[in-house]
């Protein structure tokens, strides 16, 4: 049987379902975001007090997790244009939908920028007067921080816009010239993405601890994003597989490939974290080791062990088996689990920075749970709204047929 | 779930030239070993390589007679050519395992034509690499001290030292590469055994093939073992250069102690490895008329990998420079500034030229598919990667924390003798390899042929 | 070459030659379905369809590798710990004697080393290699098994084996040629 | 291609590798004590002191202590050092090492060497020697007497005085009255007619041959020797006839 | 015929694999034993030729001459010192004066030329070793040099391998003795000191303030 283009059309009940998902997510998101904002007042102190501090830290946790998910979608999308491969075509539309959340999430950093002095110590007058900060003032100054925020946001939004627009054009015209354009745009895009997002991770996260630095940090963060994004789109695929066109487009092989990719990213995350740990630990230099002292004392070691087992050992064990990767139910579970455990990772990237290195204390606020849920709801609401906007398979992609036959020839 | 039948677009070309059959690919590759006359060019090449190898003989002999003082190393630059060349060779080795293992896991069919050659290259490169630390000990006959075996000293190696990790990593790498390579060779040795005419070759290949008889039951276990080996070799290859990077990074020398070293070294290794595969494959492909098996698509793909890894390496340089500033650490800042403007600045800028600027030409598909230009670029990249190690080792060391301990490093003639000698060794082994073993995996080539796919008769 | 038999030679089995992999897979499936146990197919490259057709599912290589890998892992970490904490406790810069992060590289390499070696050696052992002599090599055309042709050999030790009936059976599978394999 | 020349070349190359198997860290080109020298005519690395040299700490100004003479050159008859029990015990130990082989443990001149044919020295328990001044003993140890060669290299000045103190003790003990012994000591005396009782045996055994460690090794620095290190002056002395090893 | 090997090749091949492993393993082990750990390499128990066949059995065992009679510097110096010819002449100016065996001694005394003794317990030059500290901490002569009173010609009792040194440095309580028995040959803690080594050792370690010196620079300085 030759499949006609008709069968690529998104099934109507799918659009309905996605709309419903979007409303549910909107509801959840708004409720939790409301809770998050209420935290400022429940924790007390008004706009300059402790409650605001807790709010901003939790806000950063939630923001970073889901901002990263969108940015991760964008970089996977670009990488996929470069490398080709069947695994990428079936997730292209979810990736595009995910990347489009950046239109919103980029701007969600603004509250942190406005209230920067309560979370980024270096932006306070005392911080700026500090000797070490002053020595970096060429980079660490507030006006330039605003400029950098603008650069990151423009880059992310511009690339998302161009890639989705051209993808649509490719769909409509089936022109290989457009495909070539997408490839040509993506190639430098990946490079620029990595460099800019490294600076972004320095600005948004690393400078919470303004003396500390680690050269692998940006790479590590971006891999974390890719992991989150991949988990999101894999979970989405398992939801979509019941509906046309995915019901006949997806094979076990796609799940297998995506599962392998997820596995690879888990390994990569572990590898980079381990590299940073062993080098910092063995060097034991005062300026660097603070980061680990704060994360291995005063109760934080529980989080570190949780990440070791939860973010590496368990996913490793779950994803090593081939049948497991091919089972959509199981891979859905693994994907959701990975998003959850990665939220813990983001939490431990942010919160321990605020403890005292001489006497670290574990700190956990209910806001740290509320924020990721609130941002997640918002993110998913946009994501599910974007998803049915285009056919779920990129009809104009040159390798589509090969991709769809993937896993059927044996 | 019926296959969708729409025309498929092929970008650059097929992985194997149409027109080949099971018998023809077997005969073609086996014929290079069995039938092809020894050409003057080959003999000439081997003799030249062998002559260069004598540099190693002379250099190593003189080293053993006089001690490591014949090299240019001295405090503060106690690590000179030996470690530079070690890292360089190990890095070159990486492409072989990467091509055979990772691409096997990723089901990339284009690997088949080049994996055997690349694996052989890995083995030879690791052999060359392994020689340097052993020679650098000054007393190689005591190299067994590096191993954790009971000894007359009542001492054990220090498991908290990256240099010991190196021993484990490199020896494991050599062993597993050799095993992987040999396991891959077994079916092809059987082919050579069955195609050979002379009783001597038949006996030799027969012994090496160990009685492989292409049994389906054997193939089933064989495939499983290959897959497992590939699965193990993939993290292994990453670990090896990671451990090599730890040699530097776990110290506290500015320019060495930086957390990006592991991924950046691995990328650099793959980069130089692919460059070396290109350097070797392009002439071999030409002299042995293998254009139909190692197609332009292979070159294109390898060039793409080269470009991608070049960009990662470039990212590494950028991060080093940025964090040199961002650290606000006197020593870090001085190191990076000195690297760019100090006495060795010329090497740094040459390295940027070779490693970052030159590969930008690979953005053009035209260049990626012109063997000649690609070959020149690959050689430049090889030089660039050597310079990278030189810069990392020498510029980080030559300005000690204490200005009174500052020094300058210049290799002596014996440094060069050993270095060029290993190139001679490498080339000699490559020349011998292409004559005595099939340089392309024949049985995997067969699998690529259209006629190899199973179409069962309807009357089953 | 068919061995011209007059009952004098001991028969190892009967060997049928096929032209295409498709024929072979079909023939192998039918051989199994006909109830033969001691038979084998010979192909110039691994054919995954044969695993199903011949019902091959030997996972012992994986098991060996797993055991080898775990042994290597435990051995590597155990060695590092024993050496650093028991046999030669040495204070290095105040770091703990059992420095877990620093032992991971060696543990990892040992895991790979033993895992890889058991994978390769396990495969050879299970395949009974090295075995330079094997009766199938007695068939002249068998050289093509490593080149371009596909073979099935039903062994005389099979309970259902009968010289004439089995030969007829093999011919019925579409074999180009059926040869007798001397012991 | 010919095999033989190449394998010969390889073999000779390998042969050169063997030259590497040497022990240059084991045998370093440096002088350790009593190591031979190819540089000096007498083959010794340790050099004898030049005539008239006074090494640090060897300016022996205290004539009484170093020569046992008074200003007039007569043997002194009083110890130039403080004598206490520890000093005497030290003397006993040194005596047993250096003197007992000839003079015997109790100073009767019937040591092991004498029994093998060495000329018998006089017993210490004759009147001439009982009445000899301590300076005389010092002179004999330092310069030899009759068949006895000097012990200047083997016994350092302070030890010589210790030995002399011990000889005095020996002389006294061989001439003492039983009544002068304490009751405890008297209990341990053997009865000439009877074998030793078990307690007596045990008491003899538990009596250490040499005194307690602190006395034995860490006797106070001699104010008369400028260096304060006993034996410091010996290093140069014994080199004058230093044996060499190959 | 495509058959290349005879049927016997199968067992031959399998045996040879096993044998190769055994021979390689055994060979390496043998090389290791011979090259590092054998008495051939350490020269343990190897009585050396000397210019004069000096017998410790005779001088120490039968004559009862104390170690320090000749090795005078052992308590105060790094080096125990081989005695000068003069020390021999203390007795041999009178005893055995006609012995041709002793002619080299007399010749050395006459000519003031050193006797070229062969060093028996020869540590590598990269090892710093000091006799005096060992003697002061209660390491008996016998502990390292063995029953010298039973050595007609001197030989090296210990392996002198680093492992041997380190063994005592790690567990000094197993080897030390009271200082008054330093030079005693055939010392037995139960008889001489009325205590077992298990009781005595830790006590002495404490009393003599013996440290477990295991750093590299204790011996390699």
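Points to keep in mind about this one:
Residue numbering begins at 1 within each chain, and the chains themselves are lettered A, B, C, D and E in the order written.
Here is the rule we use: a residue touches a chain if its C-beta (ideal position, glycine included) is under 8 Å from a C-beta of that chain, and two chains touch if they have at least 3 such contacts.
Since the model is a prediction, treat every value here as computed from it, not as a measurement.
For chain A, the chain with the farthest CA centroid is D.
Ranked by separation of Cα centres from chain B, the top chain is D.
Averaging Cα coordinates per chain and for the whole protein, the chain whose average falls nearest the overall one is B.
Summarising the inter-chain contacts, the pair of chains with the most C-beta pairs in contact is B-C. In terms of their C-alpha centroids, the spacing between chain A and chain B amounts to 35 Å. Rounded to whole angstrom units, the spacing between the C-alpha centres of chain C and chain D is 81.
Chain centres here are Cα averages; for chain C and chain E they lie 58 Å apart. Distance between chain centres (mean CA atoms), chain B to chain D: 70 Å.
The residues of chain A that reach two or more other chains are 278, 282, listed in rising order.
Residue positions of chain B with contacts to 2 or more other chains are 155, 160, 193-194, 206-207, 210-211, 235, 242, 246, 453.
For chain D, no residue reaches two or more other chains under the stated contact definition. Residue ranges of chain B in contact with chain E, taken from their complex: 144, 151-155, 193-194, 199, 202-203, 206-207, 210-211.
Chain A contributes residues 1-3, 82, 132, 135-136, 138-139, 176, 187, 190-191, 194-195, 198-199, 202, 211, 213-219, 248, 251, 260, 267, 271-272, 275-276, 278-280, 282-283, 285, 287, 398-402, 404-405, 408-409 to its touches with chain B in the complex.
Residues 2, 4-5, 10, 13, 32, 36-37, 159, 161-164, 166-167 of chain E are the ones that touch chain B when the two sit in their complex. Here chain E touches chain C in the complex through residues 1-10, 13-14, 17, 214, going by the rule given at the top. Chain contact summary for the complex, chain E toward chain D: residues 63-66, 68-69, 72-73, 75-79, 81-87, 89-91, 93-95, 108-109, 112-119, 124-126, 136, 178-180, 194.
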